[in-house]
Amino acid sequence: MTVPIHKDHTELTEDQFNTLSEEVLKAKSLSYSPYSKFRVGCTILTASNEFISGANIENASYGASICAERTTISKAILSGHTTFKVIAISSDQEDDFISPCGICRQVIREFAKDVPVYMFKSSGEFIKVYMNDLLPLSFGPENLLGE
Amino acid sequence: MTVPIHKDHTELTEDQFNTLSEEVLKAKSLSYSPYSKFRVGCTILTASNEFISGANIENASYGASICAERTTISKAILSGHTTFKVIAISSDQEDDFISPCGICRQVIREFAKDVPVYMFKSSGEFIKVYMNDLLPLSFGPENLLGE
Amino acid sequence: MTVPIHKDHTELTEDQFNTLSEEVLKAKSLSYSPYSKFRVGCTILTASNEFISGANIENASYGASICAERTTISKAILSGHTTFKVIAISSDQEDDFISPCGICRQVIREFAKDVPVYMFKSSGEFIKVYMNDLLPLSFGPENLLGE
Amino acid sequence: MTVPIHKDHTELTEDQFNTLSEEVLKAKSLSYSPYSKFRVGCTILTASNEFISGANIENASYGASICAERTTISKAILSGHTTFKVIAISSDQEDDFISPCGICRQVIREFAKDVPVYMFKSSGEFIKVYMNDLLPLSFGPENLLGE
């Protein structure tokens, strides 16, 4: 099996796509990553068309590190945004599309079970994959809350 | 897209499968889960044909909780096992196959990028899904270590 | 030994203290805590005298939950604030001063090794304890980076 | 304030202390730490006088890393041990006593609110500090479960 990979950005206007690309490539400059020196940036476009950006914040105790996707979702939730149109991520990787780790997929899924995730190379090239494909058969709120 | 779901257990002898089923259904009795009251058990069959079992261990600070898959992999690694034939999980869910959360997929993937994961109902019924399908386009050691 | 507990707020003007109290008691309303139903709020006063507030954001996989102190520090760091005057926390506990968990002490310590932490009851009563006393002999950046 | 630091090992027989020292200095060889290259070992003496050892297990997604204290406590709990006489830790630090991070203090505290923690230098020299002093005013089970 290969996961479905998309190259379009049909859920966005041309302007939105341009802003998203620009923002997410800049976002990694917010990174606090003295340990890995691996900077990751994230930009979310909310349902109400606001852009919210963040980056990874590491810790001397590695387990307390928080990835870019999670600091950004936290910031969005704290600002009252709980539905998202697009989540985009970038890194300094030139040859690879940066992809969310499993922890972040779990946190994204709590709020956005089938949001499209845009994964960028540092050049601005990107691929789009849906959360449903990134975390299939997921464990979520309905397993615990019986919704 | 639908993730490929298998129902066979061809990587195991009949005896191994029987032991695995029995062990994983028992494993959840090791659970320390006073907060969620959601018991999960895990049994790993190592490359050298040893069975290693564990369960979830929660914490009053929820973020410090460790799922069954992760306590069990830790135990296996500490015993010198780093390659795995099968990872099986079970819970008290009668109608749903318990599935690993994103954090656990990330930890499994560090050591076993394409291991089959057996997900059980409490009745003993199971499905098998490969890690590659559970965490496609994963972020892993080669992204950081440049392997 | 008893840890030194203070009741003053000498690092704040009367106005700042009043705003801080008001903000931190309101902050818990931002909480996403369907699992524990334990709401926690946090307000940070930055070195440049800005108030930044947050709350705990839980996850169906408990280990992916992020406490109020950590969502708030993340938000502050992402806004360019890295030095803090005071960190305050509140909860719905009427009879107990809410205290930061060990994970949060570790994250606070990365950026604010000796900041005062104000711990509130839901009534508005508080105690003040310094981070150095909450996480003595801490493991931090200098252990890894050799600073 | 200075946290009380002890140098005795009165809760142990001479034989137990010798075994503990030997085990904890060896334990770090179990470490999987390709990212930090910072090996940490842990040895627990249980109430029933068994020695259980572990080490840190890191992950490409740093936040999924599990410290030595937590892999070792998990292993102990999974083996049915829930009360501990002593928790000892060691690292490759020659000049510093390795100290548990906040996450680990939180996990130790769930099961052993006032256990003595022995912190070793790589030479075998150690100090002893009680958990109550390492995580004062802790947030624990009674805050959530109302015990």
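We just call them A, B, C and D in the order they show up, numbering each chain from 1.
In this text, a contact is a pair of C-beta atoms (placed from the backbone, for glycine too) under 8 Å apart; a residue touches a chain by one contact, two chains touch by 3 or more.
Here the structure is a predicted model, which is why all the values come from computation and not from measurement.
J.: Common contacts of chain C and chain D?
T.: Touching chain C as well as chain D, we find A, B.
J.: If I average the CA coordinates per chain, which chain comes out farthest from chain C?
T.: B
J.: Could you put a whole-Å number on the gap between the CA centroids of chain A and chain B?
T.: Using C-alpha averages as centres, the distance is 26 Å.
J.: Can you give the whole-Å distance between the Cα centres of chain A and chain C?
T.: Each chain reduced to its C-alpha mean, chain A and chain C end up 26 Å apart.
J.: Give, as an integer number of Å, the spacing between the C-alpha centres of chain D and chain A.
T.: Here chain A and chain D have centroids separated by 35 Å.
J.: What positions in chain B touch 2 or more of the other chains?
T.: 35-36, 59-61, 64, 66, 101-104, 106-107, 139, 143-144
J.: Going by the touch rule set out above, what shape does the chain contact graph take here: line, ring, star, complete or other?
T.: complete
J.: For chain C, which residues count as touching chain B in their complex?
T.: Spelled out, the residues of chain C in touch with chain B are 35-36, 58, 60-67, 101-104.
J.: Give the list of chain B residues in touch with chain D in this complex.
T.: Within the complex, chain B touches chain D at residues 30, 32, 34-35, 53-55, 57, 59-61, 64, 66, 70-75, 77-78, 80, 103, 106-107, 110, 139-141, 143-145.
J.: Applying the document's contact rule, which stretches of chain C touch chain D when the two form their complex?
T.: Touch residues, chain C against chain D: 1-4, 36, 38, 93, 96-107, 109, 119, 129, 132-139, 143-144.
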